[in-house]
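Shown next, in structure tokens, is the structure this report addresses.
In order of appearance the chains are A, B and C, and numbering begins at 1 in each one.
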Amino acid sequence: MTFRYDAVVAGRGVDLAFDVGPGETLALLGPNGAGKSTALTVAAGLLRPDSGRVVLDGRPLTVTGRAGRDVLVPPHDRQVSLLAQEPLLFPHLSVLDNVAFGPRSRGASRAGSRAVARRWLGEVGIEELADRRPARISGGQAQRAAVARALAADPRLLLLDEPMAALDVAVTPALRQTLRRVLADRTVVLVTHDALDALLLADRVAVIENGTIVDQGITSEVLARPRSRFTAQIAGLNLVTGTWRDHAVLTSAGMRVEGHPTGPPPRDGDPVVAVFPPSAVSVFLDDPGGSPRNALDVTITHLEPHGGQIRVRTESLSADITARAAAELDLVPGSRAFFVVKATEIAVYGT
Amino acid sequence: MAAAPSRVGVPTWIFVPAVAGAVFVLLPLAAIVLRTPWGRFLDLLVSPASTEALLLSLRTSGTSTLLCILFGVPMAVVLARTSFRGQGILRSLVLLPLVLPPVVGGIALLYTFGRRGLLGEAFEVLGVQIAFSTTAVVLAQTFVALPFLVVSLEGSLRSAGQRYEVVAATLGASPTTVFRRVTLPLVLPGLVSGAVLAFARSLGEFGATITFAGSLQGVTRTLPLEIYLRRETDAQAAVALSLVLVMVAILVIGFARQGRTSL
Amino acid sequence: MRRRLSVAPAALALAVASGCAVGPGGGAAADDGAGTTLTVYAAASLTATFEQIGQEFEATHDGVEVTLSFAGSSDLAAQIQEGAPADVFASADEANMAKVADDGLAGAGPVAFASNTLEIAVPAGNPAGIEDLDDLTGDGVNLVVCAPEVPCGAATQEVAAAGGVALAPVSEERSVTDVLAKVTTGEADAGLVYVTDVAGAGAAVEGIELPESSSAVNVYPIAPVAGSTHADLAQEFVDLVLAETGQSLLRDAGFAPAP
């Protein structure tokens, strides 16, 4: 394992342990305040835990509270880069010098570090902004520059703390694609409260609730088959896994779900997931028929209030409907129903 | 008329005390300008006593400002960016020269660096005499001006926060590199205004200088001391020299403001 | 940002503004209606003696409070010229009294009441082994004198000329108090101050007589200030200074009689 983390920060009620393999991206998924960011600050060497052990490529970075000598390698010696919600580009340096900061701090010449910086600016698609000051670029561009800066430092481990949180919804898909590309072969720990980030960027996910991990595993599996209610809630999405065949998602159970692919179209046989929010689902007692709508045959497991509406839950799916609709349908646990979703509301992603 | 934001949160009555305060400061300046013997001004300016005093003032103030920067920046960084027991007390003590009457400061310096002072005998052995020397002038000025720079810079450091330093460290910059390439450039405006304050305070320093360093033309008689002496025999000359000091001060302030807006 | 060395002028400026006189030597002026206040401006070297004379005056004049302000003679003269409410002015030299008299502010003409000569002052123990005027020019001797612009400085120059000696001081102070201070702390090896200053400094300072001192005698004149509201009282104070009571107090302090 490349990165092993196991630490307790009692003051914040955080007790986590996880591993990340070489070239793997692990998402720490949970609501705000769950302790995810604390784990990143410990990993970066900015916080000393009450007790714990952080090891990267066999080198102990933090060892406290165990018998024997304590170790706390300072942040600048760890080869661990941290990317926060805010880009935090140095306001007094140009974008190029910002990105060149890492190599330059390690002793590279100014020309050499700038060459590396240009390459990375190209990777994230903003080479034309090289000579601008950070005050003169948009939030999305700044976050790209920050990604380039973190990667130009050639870290062994990259930590991303909610990289999309401060950005416009309009620009997040583009940045997500960029991240997907540059993170492909890197060892990364990504902290997020958005299940979509985890789904699209991470190989594995660890779900954190109240400072401890409640679920762990391959992203699509964890989200599709949440082992805890909490994971299901945090996912907040309906997720159907299957294979792409004939312009539709074919599940292992033989169900056919039509949706619209996002990103490059998958090829037949590719593993895919179909994702749709509970609010897009209408509940009928009989199959209403008619395309382009999907009608999924389900058995209701329970009903619960959710944000002013009623959430109708099955084993793996949820639908949000009004209380009045629920009353009219006379739904009870055990009833058979049809979840109807328009194809346009279902996004299909390759995994 | 061009588009402009509306003024919010400035009640009209606030202009009354504001203007009164401004008048309070500007009227004495106007009084000096009015009483200046303009006919003799140039002659007074180029007289040897005046030019020596002015040059001495500029030299010593410049040196003491440099010393204030050399010592004050690290002090401000330690006070703003570290925490240890007793730090609050240490901060209060370091700022003491701000509230100490300068003459008391001069006496304290005398008891430290004077012939019979704490360090006096050590210096005597080394063959170094500090009292009555230009060095004493610089020491006196540095003593009274240092807190100005420390307070100004510490305030800037605190409000700047450490977010950028954290990022720089995770990118692999050693603490020295972080200090040099991130911390200092970001608080440069605060450092400049602190240095300007220190320079201005040094320029006007009187009480500690006259008590500790003495008064001898070309060696220790800075412009404030020269003005003080001139009043004995030639009050008009004293006024003229006062105006010179005012003009130098205005130049310094103007220069500093220029530097800040360009950042 | 300039701080004044002596508190009195600043306080006096405030006093002029507020219309009542406050001095470091006396109590706060309070026109309590029951008594009158006599304001006396006197040179700093007269501090000890005039405080005693002031007490004598209060003892013999019921209901009168004497307020004393001590400062450099030129400061006092300048303030009187600018309209400060002094009733009596005692100067350490005739030049400063002349400034006041020329403005027509010296009522009833100034009268000399004492004189002072210079003496060499050395720290207790005489570390530099000074014995006469010539020794002051020795190598490595830290000599402090008054600046030529002030009365004691002018006297210093005359004494040096009389002795045929070129003095090379390390500092020229504006007031004799500052010179004395540097000698008492041991910073200076020697200083030229008044005889009265050496007498008043006690054990901290030793005095070495100067034969050449007779060539520079500082005459102290006193006069009531014209336009004072207590002209009669002011004249009585002047008379007290000139009478045996005042003169004996001055003699005890080391002053010589007026020539």
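Brief remarks on what is shown
Throughout what follows, a residue touches a chain if its C-beta (ideal position, glycine included) is under 8 Å from a C-beta of that chain, and two chains touch if they have at least 3 such contacts.
Since the structure is predicted, the reported quantities are computational estimates derived from the model, not experimental observations.
Connectivity note: excluding subunit B, the chains that remain group by touching as A | C.
The chain with its CA mean position farthest from that of subunit B is A.
For the pair subunit B and subunit C, the distance between mean C-alpha positions equals 35 Å. The centroid of the Cα atoms in subunit A and the matching centroid in subunit B are 54 Å apart.
A separation of 87 Å divides the Cα centre of subunit A from that of subunit C. If you check the complex, the residues on subunit B that touch subunit C are 101-103, 110, 114-116, 131-132, 200-201, 203-207, 210-211, 213-217, 219-221, 224, 227-233, 235. Here subunit A touches subunit B in the complex through residues 44, 46, 74-82, 84, 86, 88, 90-92, 101-102, 105-106, 149-150, 153, going by the rule given at the top.
By the touch rule above, subunit C contacts subunit B in their complex via residues 1-5, 72, 74-75, 78, 142, 144, 147, 149-150, 169-174, 178, 181-182, 185-187.
Listed in rising order, the residues of subunit B touching subunit A in the complex are 163-164, 166-175, 177-178, 181-182, 185-186.
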